[in-house]
Amino acid sequence: MGHVRAEAIAADPGTKLRLVFDPIRDRSKELSGRFGASAIGTVEEALSDSTIDIVFVCTPSTDHPDLVIAAARAGKAIFCEKPLATTAELARAAEQSVAAAGVVAAMGFSKRFDPGHRLLEDQVRDGAIGDVAMVVLTNRDPNTASYQPLIDYLGQVHDTAPGGLIRESTVHDLDTARALLGEEPIEVFAVGSTRAGSAMAAIGEIDTLMVTLRTAGGRLCQINGSWHADYGYDQRIEVLGTAGMLRLENPPRPAVVRHDQAGAHVGRMYGGPPGTYDFWRYAFAEAYVAETHAFLDVVRTRGTPRISIHDGVRAQVLVEATVASWQQANPVQIPSD
Amino acid sequence: MGHVRAEAIAADPGTKLRLVFDPIRDRSKELSGRFGASAIGTVEEALSDSTIDIVFVCTPSTDHPDLVIAAARAGKAIFCEKPLATTAELARAAEQSVAAAGVVAAMGFSKRFDPGHRLLEDQVRDGAIGDVAMVVLTNRDPNTASYQPLIDYLGQVHDTAPGGLIRESTVHDLDTARALLGEEPIEVFAVGSTRAGSAMAAIGEIDTLMVTLRTAGGRLCQINGSWHADYGYDQRIEVLGTAGMLRLENPPRPAVVRHDQAGAHVGRMYGGPPGTYDFWRYAFAEAYVAETHAFLDVVRTRGTPRISIHDGVRAQVLVEATVASWQQANPVQIPSD
Amino acid sequence: MGHVRAEAIAADPGTKLRLVFDPIRDRSKELSGRFGASAIGTVEEALSDSTIDIVFVCTPSTDHPDLVIAAARAGKAIFCEKPLATTAELARAAEQSVAAAGVVAAMGFSKRFDPGHRLLEDQVRDGAIGDVAMVVLTNRDPNTASYQPLIDYLGQVHDTAPGGLIRESTVHDLDTARALLGEEPIEVFAVGSTRAGSAMAAIGEIDTLMVTLRTAGGRLCQINGSWHADYGYDQRIEVLGTAGMLRLENPPRPAVVRHDQAGAHVGRMYGGPPGTYDFWRYAFAEAYVAETHAFLDVVRTRGTPRISIHDGVRAQVLVEATVASWQQANPVQIPSD
Amino acid sequence: MGHVRAEAIAADPGTKLRLVFDPIRDRSKELSGRFGASAIGTVEEALSDSTIDIVFVCTPSTDHPDLVIAAARAGKAIFCEKPLATTAELARAAEQSVAAAGVVAAMGFSKRFDPGHRLLEDQVRDGAIGDVAMVVLTNRDPNTASYQPLIDYLGQVHDTAPGGLIRESTVHDLDTARALLGEEPIEVFAVGSTRAGSAMAAIGEIDTLMVTLRTAGGRLCQINGSWHADYGYDQRIEVLGTAGMLRLENPPRPAVVRHDQAGAHVGRMYGGPPGTYDFWRYAFAEAYVAETHAFLDVVRTRGTPRISIHDGVRAQVLVEATVASWQQANPVQIPSD
């Protein structure tokens, strides 16, 4: 993600990428060189540099809260990739630091900056379908369940952070659900499974998931997730309200339809050739740039980010309740703060 | 078509199928028996029977004008399958008889009773897209060019009635064009061709056609036709007006979409298995019934048929001008009456 | 439904509608008169008539099991509208009678005879998408929650048979889920709610529902239901398997797309004008006829009905578990027989 | 277009924008400043600079041939925006200079670098639908006919270069037709008109057009064009072959579908708010970048451009024949070289 953000920053006429930190020195040199920035040896070099205004936190998740806290204390504006932290407690600590420092800070939930997603969210907020009654979210990845680096990583953290599918993928939907329901879910029920022969099964993880959320106002949400949707990357949203229904299909792509004696055919959704695991980059390429630029605008105008650090805390609270429901095979109440 | 109309008449609670004439006696017995009617040996038996109110003319085209004239003189209400006649002159003679007798009479251009077609035509008439500027018609058959009985028939009549594709198929589009343009075309340009190896080429006929129509008011229409669209029966309409555009895709059909690693797939359009030549029946099944019932209602209420005998005359005039343009490779002016 | 079945029987060339029973004598006279049958004063007249082969049970649900049992004892072939009974216990009793009598008997779950639904179910069964991992069902009615006769009826039976939405509408999805999952669900979780001001709330009923099913093999199913989808009758199916995904959108309808300065517009889904409550008839008109004819063929050939009395029992077992889960706000295990 | 190309060049890591010429000095300063280039006072400064490898010709059409000839003589690689020249004679002269100099040169017909267009063209070329029988092209602009600067310009050149719609817009379709038909058209028939009240009528120009092309091999093409399609920018392609049919709808865009009691609605196609005339930039943004980068790759590898200067000549020959057909109201034969 560091590369994705760096490219988007470089395309912003009012911002300059100055310093790059990566514990692997060659990588920081490569990235900084490409954009005319400098590679630094410690994060502190950036935090103590008074000419630096903004910090992008694109590290592994476990480092997020410490870096957010340090950047907040140094008075920098902060953009933090999702998740804010690996536990709700750590997420809350980061939120408190940001609040105490009074800095501008935003969470990265990039899908919500996809042009279609944004259009839908705006319409819901503007009352285009009246009061929301029901949200249905589809979030399927083509071949994540067989991506060895992910399997290795999830195996290592399984004992302390089980439910990798929920933590890495469903977290987006939980964030989206909050935005579309317009109020906090108070209860979650989750049920997961693995396909026969899935490498996820061997490490106690799941590759298939269904989640139900309920709010105090009786609004309901269903999420279905898969890391085994071999037909492609499938991302859809549906919102039913008292005055209508909104549907967002997958990010649009050029589509030549071929008609022959067998019927009509159109090329696959985003997903790339077998062995490709960065399909999401193609589907949401515009979203990463739009999100980065929106954040830079917020910093310039000292505005309010569309997705706040508090949203990051709430997403992590929902993640933990969802994991608990999956593990306990029962509905779980969601703490209100 | 006799069977199709008989079934639709049987389903009308206010009408009784009484007499069936077919020069092949076994066929008239089979059909009349199925619906509790009587087979007769001559058309005159029906025309001279004062308890008979309505005549359906479903014979070969060459017999249409004589039968219409005889039925009009007998004072019967008349439904005549397209075309009204094989020449514009014969068509005009039939029209005059109908007018002189003052009977209710309608032409059968069934596609215009397809629910979608009717919806579109009503919207155009109601001004939903303002003033019409442009009409685009697509009319493709899956495998007509290799249907031997048709090839034999067109070969026999080629010298006296060339342009079978225009006479049998495009005639529908010429009728539709008149209805949608809202004024008479004054000029037509047609260009045709045959695919390599097409049986149509051997008899001097075409299987591929493009037609352009122009009205006095500057409204334009394009028609493209094929008897070789092996992917299915493809029938579409587009109308551009000063306030918008209407599109009608093919008659709807149940469509399960299958997504796999190669993309998304949906079964073929109407067309049936190889060797099937009555695909149009499936696509427009509702239209035949709706058209028959609409005519019976018009007779009962002494109303005005949606498609009149005059429309049959005008369609034939357009057919002949289109054939002439194709043969002369030049635009042809269309007589105004 | 009596009328719908009578029409379909009349259109079957090999079957004759002979006797009609309705406790309201005028209605039985009207219906029998329309199809050349006789109105009878008691059901026994039909059951004791040895020239009667088949009985259609189209009465209120509470009478279904007694009538099925009586017809089975009389040795008649039986078609029973859903549900088989109002309790699983009564349903099992009916199943036992049918089994003991050895008669051909079928349940009416008409949606599964919709051409698209059938196509999808066949593809799933034929392995077109490999092993099923996930089913998602959408079942929304436009305005049922404000249909006064239904509100009155549900109010009356609420104490003994709560969960009207589940019993009347979701029962279809539970039946469909069994067919598509290919194995019995072992657990159900349901959550329901009512919109503000819904008449359903006043009688303790719900108008919005989300259900999750799980099978022993780890296959999952989500159902979302609404009686308040004012935009139209919305019926969709999605099945994700190991080799692909199938989607069935709503029953197709003629669709003229209008493009103007505001965008593209197409007429509403089935739902009829405000105040219309038989939208389902239009959407599934073909299904009722196909289902009736398929049953008559099964009787003629002494074949096996696609939907058996046992399927009716299982659907009722699932209904009761779903109602229990909704009431208890917890997952409920489903009895295996 | 100068800006569009400059941006795309800046995004190419292997190329540097060095010099910018614009007769309006302020504009060349602004553009060169933005990309770290220098503004020059004469074109010769660039042509005589041996460190300059490539020239982009983005001037008014009348200057194209002279600049191409001068750049060819200077040994530069050349990218020329469409059209190559305002007459076929001048276009041929430019082609001869390029051929004599042996430089790499490409024409800019950007639509053909739209990802969907390219996909379709590749599939046609790879035989996905067998032998091509028919091409249908739709090319409609939302509000060009009321764009005053264009009306002024066309009014000025009407006497020497009538048929502005053909020269400015249909030229793209004529180029596309050649690419898809796979052989040269030998005959063209065009008919045009103006809507009542169109400003185009006042200057003798048209805003609505239908064109038919025919090749020696009997392949046919229909084009329909409009500068009055107020519903949006509408760009579609259809190709019918002996083994199937390909359809390309408009460039994809994010589409939230809203369902309400009136039906389903989706925002308009590209077209922008009233008064916006650069809708094409949004629809084909990717195409401009892809085309520029493809050309730079061709220069680097000394490869063959996808669209050559000869294609520019042929497009101009087709434009002139189409204009002649429109003016003479008769089919016109197309010179073969």
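So that you can tell them apart, the chains are marked A, B, C and D in the order they are listed, and the count of residues begins at 1 in each.
Convention: contacts are C-beta pairs under 8 Å (C-beta built on N, C-alpha and C of every residue); 3 or more make two chains touch, one makes a residue touch a chain.
No experiment lies behind these values; they were computed from the predicted model shown.
**Student:** Using the contact definition stated above, find the chains touching both chain C and chain D.
**Tutor:** Touching chain C and chain D alike, sorted by label: A, B.
**Student:** Work out the mean Cα position per chain and let me know which chain is farthest from chain C.
**Tutor:** Ranked by distance of C-alpha centres from chain C, the top chain is D.
**Student:** Measure off the straight-line distance from the CA centroid of chain A to the CA centroid of chain D, and report it in whole Å.
**Tutor:** Measuring from centre to centre gives 40 Å for this pair.
**Student:** Once you find the CA centre of chain A and the CA centre of chain B, what distance in Å lies between them?
**Tutor:** 57
**Student:** By the touch rule stated above, which residues of chain A touch at least two different other chains?
**Tutor:** Answer for chain A, listing residues that touch two or more other chains: 230-231, 234, 243-245, 259-261, 267.
**Student:** Spell out the part of chain A that touches chain D in their complex, as residue ranges.
**Tutor:** 114-116, 119-120, 123, 128-129, 243-249, 251-261, 267
**Student:** If you look only at chain D, which of its residues touch chain C in the complex?
**Tutor:** Going by the criterion above, the answer is residues 230-232, 234, 259-269, 271, 274.
**Student:** Could you please specify the touching residues of chain A with respect to chain C in the complex?
**Tutor:** Spelled out, the residues of chain A in touch with chain C are 131, 133-134, 136, 138, 140, 187, 189, 191, 193-196, 208, 210, 212, 214, 218-220, 222, 224, 226, 228-231, 234, 240, 242-245, 329-331.
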